[in-house]
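Order of writing sets the chain letters: A, B, C, D, E, F, G, H, I and J. Residues in each chain are counted from 1.
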Amino acid sequence: MADGNREALNKDLAGRIVDTARIRAGKTWAELAEAIDKPLVWTTAALLGKHPLTAEDASAIGKALDLDDDVVESLQLQPYRLADQELATDPTIYRFHEALGVYGPALKALIHEEFGDGIMSAINFKVDFDRREDPDGDRVVITLDGKFLDYRW
Amino acid sequence: MADGNREALNKDLAGRIVDTARIRAGKTWAELAEAIDKPLVWTTAALLGKHPLTAEDASAIGKALDLDDDVVESLQLQPYRLADQELATDPTIYRFHEALGVYGPALKALIHEEFGDGIMSAINFKVDFDRREDPDGDRVVITLDGKFLDYRW
Amino acid sequence: MADGNREALNKDLAGRIVDTARIRAGKTWAELAEAIDKPLVWTTAALLGKHPLTAEDASAIGKALDLDDDVVESLQLQPYRLADQELATDPTIYRFHEALGVYGPALKALIHEEFGDGIMSAINFKVDFDRREDPDGDRVVITLDGKFLDYRW
Amino acid sequence: MADGNREALNKDLAGRIVDTARIRAGKTWAELAEAIDKPLVWTTAALLGKHPLTAEDASAIGKALDLDDDVVESLQLQPYRLADQELATDPTIYRFHEALGVYGPALKALIHEEFGDGIMSAINFKVDFDRREDPDGDRVVITLDGKFLDYRW
Amino acid sequence: MADGNREALNKDLAGRIVDTARIRAGKTWAELAEAIDKPLVWTTAALLGKHPLTAEDASAIGKALDLDDDVVESLQLQPYRLADQELATDPTIYRFHEALGVYGPALKALIHEEFGDGIMSAINFKVDFDRREDPDGDRVVITLDGKFLDYRW
Amino acid sequence: MADGNREALNKDLAGRIVDTARIRAGKTWAELAEAIDKPLVWTTAALLGKHPLTAEDASAIGKALDLDDDVVESLQLQPYRLADQELATDPTIYRFHEALGVYGPALKALIHEEFGDGIMSAINFKVDFDRREDPDGDRVVITLDGKFLDYRW
Amino acid sequence: MADGNREALNKDLAGRIVDTARIRAGKTWAELAEAIDKPLVWTTAALLGKHPLTAEDASAIGKALDLDDDVVESLQLQPYRLADQELATDPTIYRFHEALGVYGPALKALIHEEFGDGIMSAINFKVDFDRREDPDGDRVVITLDGKFLDYRW
Amino acid sequence: MADGNREALNKDLAGRIVDTARIRAGKTWAELAEAIDKPLVWTTAALLGKHPLTAEDASAIGKALDLDDDVVESLQLQPYRLADQELATDPTIYRFHEALGVYGPALKALIHEEFGDGIMSAINFKVDFDRREDPDGDRVVITLDGKFLDYRW
Amino acid sequence: MADGNREALNKDLAGRIVDTARIRAGKTWAELAEAIDKPLVWTTAALLGKHPLTAEDASAIGKALDLDDDVVESLQLQPYRLADQELATDPTIYRFHEALGVYGPALKALIHEEFGDGIMSAINFKVDFDRREDPDGDRVVITLDGKFLDYRW
Amino acid sequence: MADGNREALNKDLAGRIVDTARIRAGKTWAELAEAIDKPLVWTTAALLGKHPLTAEDASAIGKALDLDDDVVESLQLQPYRLADQELATDPTIYRFHEALGVYGPALKALIHEEFGDGIMSAINFKVDFDRREDPDGDRVVITLDGKFLDYRW
């Protein structure tokens, strides 16, 4: 049978297909997150290829966006989460990296002062995204919330 | 006079001297922030060389830590805020960059959905650092709060 | 339906298609800018994939150049604005980067002297392009005009 | 004599010494430019090591800032004008490079449309720096003005 | 005959096809290792393209997963074992490289102290993979076991 | 007092001083590990600058090797654990990275199969070093033992 | 019409098609240069994609080599002249870069001594290629001839 | 004796010392070339550290510029001729590399057409430097003259 | 005719096609070298795309392996011999580069001591490959034999 | 005692000191190799810092060249054998790397054909250096002789 020589759809490509279908269907990321009852940032990242979905959630997204089966399959695959150096130059993403350049050493110093020698986990970790109204211009508010892991032998 | 041939103390070196003096004096970053009545993350970043201090604040820190005059002078200088690729490999700092690799495209997508085409400013921007107790292990909570800037011609 | 497995046309490719169609149609960038009543540099950048167009403007360009629907769709998408290191070696573009190598530190020093600690925004920012006649050879005159943003916590 | 084994003072170091002396003397870049009757951006770049000064100008700056003789000598030397990749990550300088990433291809296209195949010279070239008041926040205005050079065999 | 112009299937692609077929068939890596009676880590690496299989083993895998002939052929080819810098940024793989950054110099020092000047072979070398239950959370246990090779002229 | 202008001794330099003193004193790493009753690999890594020592342990090492006070101080400092790309080319260390190139994707696949989506922690992590006699040449046996961390929102 | 969705043929590809057609037709570069009455090095560079041809010249080449219309169109397009780092490792091309490594600083020093502060233009610039017979082995003689441009504000 | 622990003066440093002494003595490169009766470009390159001088020539230069003995010694040492990527960004030197980017593939094609498969030697190789008067601005004329070496097994 | 728009087959691809055909035909590299009466290493390198073959030799290989005409054509083309950084990480190839890291400076020193200032040519150069039996394990013996070229102006 | 704060002399520096002393003493590498009765290439590499010497050999070299004790100590230390990318651009060393670019894939293919899947060891490995007279110009002959290691689990 023909499947013996076909690799699964790449998750990056699946992510772009999802995004295209989402735009054509006039749906927001928030609506998709609601459809599978998952947090907003997690859902967006997962649909862009950074987390695997359960079969049930992938199927729900597939129905909502009228996706082909191999896209639905791809959404469930275990990702490679590669650091794309080129994406990091997009101005909207770059500002985060720049802020880490300015505040990274300070955050490291404060983690060590408050918690001891260790790290904030990026695995046991969640991210919230919010808008805060402000008369001087509304603000993007992003909260990183990760478990402290101490160097433990 | 001898000053005609001497450059000011490099701010990175000044930052390491401040850190050394702070440890020897048994002072926390929080105590230094309090001494100049500035936010914690800002103060830590500034003393590590990422922001200029006012003459008054620099002098207060100099007294608190018994610093030489050229360190106090250096703290007031305008910094180069260079992206140190090597520092980014420290595990405590790396986790932040890794998280941006995983969640960066999602944050970009959500900023555009919620605010339109633009960025979260890294200049009109502040960072909070917190500890949240959790029975499964306490958590590091970091809040990034920046003004939205739309692409405006 | 077949759309369930198709990603939108890449904006770089759309830009090259626009450029090809423009040349074949014998139209200048200025004529396209006029057709949508937008500034010249902005229009050229947007059509090359660096800014999203409104549906109305994309449609006007599509008619002017007889473009397919997926090109028109692509012009409206939110771009990734990636720093292409290789393009920066084209001699016409390289001269700008070289000039920044020579004058960048001076511009930084003057911004800080005149405005204080901060940056010239590249988001709230516009660019003008002009030709100035000169008996020793005409000159390219480019004006960068961006809002000053001070480091504000 | 001892000079047989001593290299001249490095121009980058000389630039940092000049900047330190300038700050300690409370002088602006504009005052130094006036002292040698040269344009502001040119003077700032030259004193930071990017252009050689005449003996007369170097000597005038030396007197104004009480510099040692080897600094005055260094200011007159022919520079290497190296592209410092790390400086390019300073946020104030980075915004210029980012803007070139966004508008560089458009500027290239417009130069070719208006002038033909060639470049804007970065040698026969000048830069102006201005502040424009604006109720929404003052603006940095930078004008690049270079001779067009056509590819000519 | 048409084969005169066709290159063999790339081993990386063959590896992705194997992985896709494995998932669709609901088989574990352990089951495939058992099918050819080879160690678990070796089999997984080989099927992902890092070691050549014998014709017999490739054929057994081909039957188990209903693979096309050119996939079966590709599994037997001699690999290029290239260091993929981008894969190294996947968080699951990155942790190993990070651990080498922290413990590499120590392991070098201990190899030299215990064995003399030389290396642990990565060719005469095997890897075991295990799960160890632990009330604080189960642990991944990986054993590297390589022949010591002394610098011998 | 003079300390107001002196940074602490760099931990890499302290590590080289410890190593030199150890060789001159004819002591093994194992003897130093025993002196502070810590595991062998941990102790070696820590003395080379990768982990902070307690004041008591640093002092014990200082006495054992007749170290100056600033070396003893440096051993207690919080490290930057930077990935030194150049050290990774040393043949003894390179073999580990090469092995990860060959077996990394397999280890990732097996971690996901056995544990689900997540990583082996490099923080809650230990390393053992052993020699196993073998008639074909003794073998280096290194065990990596880290807690599994699942992606948990 | 179908052209609404097709980009022009890439100039690098067009160059490889020209080269293939040239070899199949048994024509030398010199014969092609003669056919359009242009210098040898210029013609070769232009046909390989580094300079735009006039419509007339492109058409003449198209007839001489029986090229398709989109190749002829591509030859007339404005090029990106990108620095291909990989091509620079070809031994025949590498020797030129190596020679610049050895003699570049000397050429810079001599340009400044003879002409003052400035550059040899690479735009107002031509290259000749010659063979000189020599009993010790014939020699390649390449002449670079560019206008001096002084740094002029 | 003290020499048992001193390395020879680095040739790059020696080159900078020679250049400094040359400027202070008001001598041109041409005068130094004449002093040792060697070609101009060769002498300049050699004095900047790219070729070893004979003892006699080094001594003559040492007398002409009143150099210390260790500079004279350094001039005679065998050089490492390293490709300095940073120097290659100096505008005066960069133009040569840019020209190779544009004309390198053409020169390769012409060498192969005229001489067969091989290279122009960069070892059996000389460089001439000239000024040619031109009413449109004088020109820098540089001639590269190297023996053709064919790939010969 | 359709050839007006087709580039010749890439030599790397041709090399992979040759290798595939060779394996399928059960032929060794040595048999192919014998078929065209050329040295073993030269033939292998040439068939992998690193040297051009004569029409006669290409045709003989084409018959021996039943290759299509465009493969036979490709084997005769002049190659680009690019340094593939990624191939250099294959363990079998890496060991050679590592050995150069260890012995390169020594080989340079010995070439200069024995021959004077110059290089071993990599163009007038041949490589032999041999197996030497050894009771401790057979050995790979590779001989590099290149003409000495002295720096000659 | 003062040694408590001093690291051992770096082996690269020690290598440069040895080389300087060797030149001043008018000794060849061959004479030094003879003095310690070791092979020529091995001795040269070891004295340049790539292998540790025994105390006896280091002492013999120290006497032959009148070296200070810390140089003699440094010669005995275990080296880091780092790949110096910059040294690889020296023309004499570069030719070897270039030859590997051209012949590396062929050598890999031949090793696999003759020996099976594995590598030529760079540890159980030796290098000979020879001069072969040739009427067309003497030749450098370098023999690499390493044990074959097969991938063995």
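Just so it is clear, a contact is a pair of C-beta atoms (placed from the backbone, for glycine too) under 8 Å apart; a residue touches a chain by one contact, two chains touch by 3 or more.
Treat the numbers as computed from the prediction; the structure is a model and nothing was measured.
Annotation of chain E and chain H: jointly contacted by I, J, touch as defined at the top. Between the two copies, chain C and chain I, the C-alpha superposition involves a rotation of 145 degrees in steps of 5. Once the centre of each chain is set as its mean CA position, chain B and chain D turn out to be 29 Å apart. Each chain gets a centre from the mean of its Cα atoms; for chain A and chain I, those two points are 46 Å apart. Each of the following residues of chain H touches two or more other chains: 19, 81-83, 87, 89-91, 98, 101-102, 112, 118-119, 121-125, 149.
A list of each chain pair in contact follows: A-B, A-C, A-D, A-E, A-F, B-C, B-D, B-E, B-F, C-D, C-G, C-H, D-G, D-H, E-F, E-I, E-J, F-I, F-J, G-H, G-I, G-J, H-I, H-J, I-J. Contact residues of chain F toward chain I in the complex are 89, 91, 94, 98, 101-102.
The residues of chain I lying in touch with chain E in their complex are 13, 16-17, 19-21, 23-24, 65-68, 70-71, 86-87, 89-91.
Taken together, the chain H residues at the contact with chain I in this complex read 39, 42, 51-52, 78, 112, 117-119, 121, 123-126, 149-153.
Interface residues of chain C, counted against chain D in their complex, comprise 19, 28-30, 40-41, 44-45, 48, 50, 81-84, 87-88, 90-93, 95-115, 118-122, 124-125, 127, 129, 131-132, 134, 136-149.
The part of chain G that touches chain C in the complex is made up of residues 1, 3-8, 77, 80-83, 122-123.
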